[in-house]
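Have a look at this one.
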Amino acid sequence: MKIEGKRNIWKAYQKEIADDDYYYVRSCIRQNFFPGSETTFLRILREVLKKNVYDDQHHTTCTGIAYHCEVVPFETIMTVVGRKFALMKESGFRNFVPSCVTSFGLYTEILDTWEHHPKVEEKIHENLKLATGRNFNVPNNLAHTSDIIFKFREEIAQQAKYKLINKATGKPLKVVDHIGCHYAKMFPAKGVGGAEYPYVLAGMVESWGGEVIDYPERRHCCGFGFRQYMVNANRGYSLSASKKKFESMEPFKPDFIISNCPGCGFFFDRWQYALAEMEGKTYGEDGYGIPSLTYEEVAGLVLGFDPWEMGMQLHQVTVDPLLDKMGIAYNPDDKFKGINKEDLGRPESPKNLRFYK
Amino acid sequence: MDKSVAVIGGGVAGIETAAELGKLGYKVMLFERDSELGGNVRNWDRLFPSRRPAKEVVENALASLNGGISIYASTSISSIKKENGAFTIHSSDSKQFQAQAVVLTTGFELFPAEKKEEYGYGIFENIITSRELEKMFSDYGKPRMTNGKPPHRVAFIHCVGSRDEKVNRPYCSKVCCITAVKQAIEVKEAIPTAEIFCFYMDLRMFGHGYEQLYKEAQVKGVNFVRGRLSETSEAAEGRVIIKVEDTLASKPMRLTTDMVVLMVGMTPATGTDKILQSLGLKTNEDGFAPVKDVHLASTQMGVEGVFIAGACSGPNNITDSINEARSAALQVHGYLNGE
Amino acid sequence: MYPEQGPVWDWIRDNAEQILPKVGANYKGDGPGAMRKIPQEDIDELHRIFEVSGGLDWFNKIEDFSAQKAKEMGLDIGTGKDSEYFKEVYNTNNQEKHSKQ
């Protein structure tokens, strides 16, 4: 591998990322499955990086999942997005920052459509005015939340309490970085590093002391795919795409997977469980599976945030062995306690995927 | 005779044009941006269809240059202006030359394979271009992996940077298919136990002897698979995993190979568009220099007194480039004699 | 419906009120935050957007054709998760009709 070749490509794909005053819109999937990650993102931006972020309660789903399942037509979703832009305009902010990668892909797609077909944008203005009385402007800057963390990765590294290394051996952790398809595969110029060798997560891992591993199925989709997941009958297709990736990454012995898409991270977590129960096969060490972390969680760990406050106990593939490997100080007894330290019992253990020590 | 002609580009087309004009008694200025004449053919080992050494063609061409020809090597031409029926040629180091006619023979460059990012050129080991394979044959007589060992499974990928809208090169580069067939045979002869694959879209065997070479390749055991490469990745020991499709079997394929050879296409030589601009001409839709009439005046250009030959106007092979060069020389002769 | 969620999800669901605030969510709450209650006036705007832009028409079309198909298949269209038709579409994998082998 000639890393210089990759660096040249990364240099060619740079994008403008605003440096403050962000209008934040949440992700349906991230909120529901890893809400702690969204909390962590806001915490990092406000407390660590001292940035100005507006968390609007009035915005709604972008309806992207429904759009990709063809249940919501393009004109409707464009109008819903127009409403979000209108809310942003009213808030006085101009830099749009979505938490979801599918949303990011969607906003990029919509902005590109309006750029090439201004009459379509006019229609959306009309629709929105008719439905809600609102007016919108397109954002000055559109960046995904992972782009923001990427932009400030060095600042985070400077304040880091931990590095992405194996405490016992001192060696960098081996990390699989997975980028959501909607981040750059449709508009490579809108993703840091382009579509073939994306850099947004690799940059974070490198700055925080880890080592990114390249494996043959690195570019492969995780399989979420909306349509093939939505009905139970089609879900095997979704699962098989993730399985292909796990089989491909296994020989490289990754210590964890980092992803920027809410769906991908969720699926790497849950499909390992499903595969273990269906086929008895586990990936990673000692039957625990390969932990699938969000980039917010990785940033938070590196900064020394408490893993349970970040919601890392909500993963089906346990993160405890990784925390031990990194030498993170945490209280294992607090893992399944409530907000007031009340005892909430603990989840049942899966049959084949090792969940408890 | 006091009439002078400027020939821009010292590859085989430029050399032949200069040689013919020299024989006709004109003063010729032959400009070449490299330090040596010979152009792209210098970088080739053996030529299709006969597999004769490329050196012979270059040496033959150079031998026909006579004393009336002034060679300006390491001289890059930046613009040409027509004034009062004559031409002022400007070099990029601010020298000027006068001529009564100009022949453009700036030729081509190879498509930069790193632009097809997913092919991993410049990133993974043992992914080379067709030209780099020729150099291996010249230097070692056989292909060699980066670890010094001979490859036992080689995949040739046709149409890299040709017939590809994604990299803005929709045209066919004409000679890559026959080059791949030739190189496949050469690899097989050098390493008889090697398994060779050619992944193609269509096989363009248009010239004399080409179909026969294609048959020879098949008889020698080269596997021809109709399908495109989607991506490469790295396996242990620098081997390359390729993902391709076999359209005739309707199946995707994944193969671990020792070496991948990218048949890179032809792309207009850098700087040709600036020269065209200075003459008030635009490139054609493929980015190459436009000819006056594709059937009846293919060595003339839209400006009187400016002629053209070789791959400057589009992908071309050596035979036709040399023929065009000789034709252009005759056209220049006619022009300078008031025809 | 989603067996792949795993036992951790059951635990989260059973203990939502205590565990979600711990990770900073504003579960079913007013104001900003993860998993908040979306204010009714925002939902109403969304509904009007669907009306104006053809989204609602599209939903109705899907429902109408689904009812037709259910009748064809001899299934009860019903409503929601208890619909016989929905259960069939959701669960039955008829890949033998779609693959080469």
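So that you can tell them apart, the chains are marked A, B and C in the order they are listed, and the count of residues begins at 1 in each.
Here, contacts are C-beta pairs under 8 Å (C-beta built on N, C-alpha and C of every residue); 3 or more make two chains touch, one makes a residue touch a chain.
Worth saying up front: this structure is predicted, and the values here are computed from it rather than measured.
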| item | value |
| --- | --- |
| Chain pair showing more contacts of the two, A-B and A-C | A-C |
| Central subunit by CA centre of mass proxy | A |
| Chain B-chain C separation of Cα centroids, rounded to whole Å | 59 |
| Mean-CA-position distance for chain B and chain A (Å) | 46 |
| Centroid distance [mean C-alpha coordinates] between chain C and chain A, Å | 22 |
| Contacts with 2+ other chains: residues of chain A | none |
| Interface residues, chain B side, partner chain A - complex | 114, 117-118, 120-125, 231, 233-235, 241 |
| Chain A-touching residues of chain C, taken from the complex the two chains share | 1, 3-12, 15, 18-25, 30-36, 38-39, 42-43, 45-46, 48-55, 58-59, 62, 89-94 |
| Chain A residues touching chain B - in the complex, by the definition given at the top | 1-2, 4-6, 8-9, 194-197, 214-219 |
| Footprint of chain C on chain A - complex, ascending | 26, 30-32, 35-36, 38-40, 43, 55-60, 71-73, 75-76, 78-80, 83, 127-128, 130-132, 231-236, 239, 270-271, 273-274, 308-311, 313-316, 336, 338-340, 342, 344-350, 355 |
